[in-house]
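Following this message is one structure expressed as structure tokens.
Chain lettering (A, B and C) follows the sequence in which the chains are written, and residue indices restart at 1 in each chain.
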Amino acid sequence: MEMGSQICVRNVTHFYTNRYTRETVLALKDVSFEVDQGEFVCIIGPSGCGKSTLLYLIAGLMKPTMGEIRVDDRPVTGPGPDRGMVFQEFAILPWRTVWRNISHGLEIQGVPREKRDEIVRRYIQLIGLEGFENKYPYELSGGMKQRVALARTLACNPKVVLMDEPFAALDVQTRITLRNELLKLSLQLSNTILFVTHSVDEAALLGDRVIVMTKRPGQVKEIVQNPIPRRERNERTLEDPAFIRYRNHLFQSVRAEVQTAEYEELVQRS
Amino acid sequence: MRGRVVAWTQSVIPFIGLILAWWILTTTYAIPRALFPRPSEVWEIFVQSVADGSLIWNLGISLARLLISFALGGILGILLGFGMGLFAGLGRFLRPLINFFNSISGITWLPLIMLWLGLGERVIGFVILNAVVFVVALNTMVGVQVVPRVYENALYTLGGTRWHVIRDVLIPGALPHMLAGLRVALGMGWRALIAGEIVASSSGIGYQIYLGSSYFKQDLVVMGILMVGLMATLLDRLIFEPLEQATIRRWGLVVEHKA
Amino acid sequence: MAGTGLAEAVRQAKGIEWKRLEFLEAIVYNVGPYFLLLLVWEGVRVFLQPDPRFVPDVREVIGELIYILKNGILVDYLSRSLLRIALAAGVAIPIGILIGFGIGLNEAIANTLLPLIRFFNSIPAIAWLPLFIIWLGFKDQTIILDASYGLFFPVVFNTIVGVQTVPRVFRDAVRTLGGSWWHVVTDVILPGSLPAVLIGIRTGFAYAWRGLIAAEMIVAANGLGYLIFKAQSMILADRIIAGMILIGLTWSFLDYFLLQPLEEGTIRRWGLVQR
């Protein structure tokens, strides 16, 4: 049976107005792509290319100026628990303990106490947060905070998990650890994951497919299929010749965009 | 425990030094007795006014006035500040007015209110409330405005409604500024209370200080001043420190300065 | 590119819209609040019909302002109040900064003075006023002393915070350049704590201004506080309100044209503001 694609972005063009300068900026131009149920897709591009904007549009936190976004064949009209989001800034609440942060979404949806506790316990175990249940966020390292944010999102069991540069605020070592953990974790999950990053390595290792975006105004430059299936990807994949070719291709593709963006900025300044 | 004892002794020694200096300066007549009483005299008048109940009575009246008006003004200010923080347009519209009324809050209203209401409780109540409301409102508004936007977005993606955002994000998020505002407001309230009691009342600790000065009873005046300081310190310890401990300190939202 | 043309068109269309909106907004937000205030004031007069001696008309208040301007009271009282606050600042700010530095730099000084300063800070200046009257009489000195008392503490506390929050690395950096302790003070701690000191001065002024008005009510025979207090015993509601507006305006001018630029000048210029 042919499964319909889960996320469908069609001809999305988006302007936004800078609140302070009141300049209108074209952030996304005619962006179209589809993501299948259970797929792990990464979006990569130079900074300011509108890749985060795209995620906010799918989350329903903003409305596109033109074009259409459908999730499960229903148009997105606003944010909802079927599309969970993990933010770069962690965004877990400082006034809630780890446990209460993870259970927050379930509380909002009115899940009864016992069921809630059971789900929270499961995700605390799954993500390795045992012993931290009663800590407040300020007592945690950045990596732990982001684990809590991920657990909070997954606890609601959303159809789609949107991740907005979730590891960008972490140090390199933690970044690599979390990347590998997420890769392993994703094999146990059935959720569709859309992951925005500006790191080529992250995108290459995590994504089943990678969407490369152009510099602003962001357009889809190309969509590349990962030669290695997710089940077979691990630390050693990084040395696989096919994977290296694939990774280098992504790298060249993004670098070209970064360079033109920098060049244009130079011309504008002079 | 031992650290606590050390810290306590350390903070008491300066006061002992001060009293000693006070005692030496007044008994050697370096400071004329007409200007400043001796420690023993202040102690005597303290014992005497505790015994005849006048100190407790006046302090009680002042405290009751302060706390009732502070509670009312605090609630009003919080509601106003939340309204202004939640609705950006309202905030922008009312801000110049609130700023202006804040700059003439409290004591400046005394003459007009005395003209309207005569002397008595309502005048003092109004002046305290007026001193409290605007400070609290401005701080609460800022508190709401500085809550990171991303917390709101996170809640929406968890399926939260506007009400959830207000209850779980904006109220706790505004708390650090709100508490700071309430703390300043309590100080402002004290000032307004004392001024009000000096000018427009015949009871309370402020009136007692003023009465003492008009009979040149310096011991009564200094005792009253010390009581005001003690009460203010005590109120801060009893109200704000536990509140902070239970909330913003526990959440790690206070940057501790070593001061 | 066609896309760029589209962007340009939208940008232009929005540009026109913004300009019109901005103009409307400017009117609503800059004139609106005061208009609302006048509306409420007149509404109370028309609908509640209070005793006109107690709730005067807007025109009467403006008339009174012009009257006291013409007969010289306004200029005289205003300048006296300003002179007093200036003198209070001259006394309190240098002492406050000096003590703040002492506490911030030296632990022994901090241990002796800080508890005392905390305690005296909890006693409002107005409570001291009766005692100051005994000491100095019903004179200007009494008012100035009272206003200085209010100004002093915020300056001290903010100076301490300023000194203590200068990042340690800056001090270490000057030391590794061969600087002496004195260099550290003049080149690092003085400029580094300046923004906090200025915030303290601004906060202190707000306390001192209120203290000044209160002290003038009780002690003085002139000044803005006296103006409104005297008017109360003569049942001149229009003069009281005129005086209150003057007090508010004078403070706003002081704050807007003197204190804020001072504070923002240093902080902004050195890029110390995070926002």
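Criterion: a contact is a pair of C-beta atoms (placed from the backbone, for glycine too) under 8 Å apart; a residue touches a chain by one contact, two chains touch by 3 or more.
In this text, all values refer to a predicted model and were calculated from it rather than measured experimentally.
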Pair of chains with maximal C-beta contact number: B-C
Most widely separated chain from chain B, with each centre as the mean of CA atoms: A
Rounded Å distance, chain B centre to chain C centre (Cα mean): 19
Averaged-CA centre spacing for the pair chain B and chain A, given as whole angstrom: 48
Sites on chain B touched by chain C in the complex: 10-15, 17-18, 35, 92-97, 99-101, 103-104, 106-112, 114-116, 187, 190-191, 194-195, 198-199, 206, 209-210, 212-214, 216, 218, 221-222, 224-226, 228-229, 232-233, 236, 257-259
Complex contact set, residues of chain C against chain B: 28-30, 32-34, 36-37, 54, 111-116, 118-120, 122-131, 133-135, 157, 160-161, 164-165, 206, 210-211, 213-214, 217-218, 228-229, 231-232, 235, 237, 240-241, 243-244, 247-248, 251-252, 255
For the chain B and chain A complex, residues of the former touching the latter: 148, 150-151, 153-160, 164, 168-169, 172-173, 175, 247, 250-253
Chain B contact footprint on chain A (complex, rising order): 56, 59-61, 78-81, 83-85, 87, 89, 91-95, 104-105, 108-109, 136-139, 149, 152-153, 156, 162
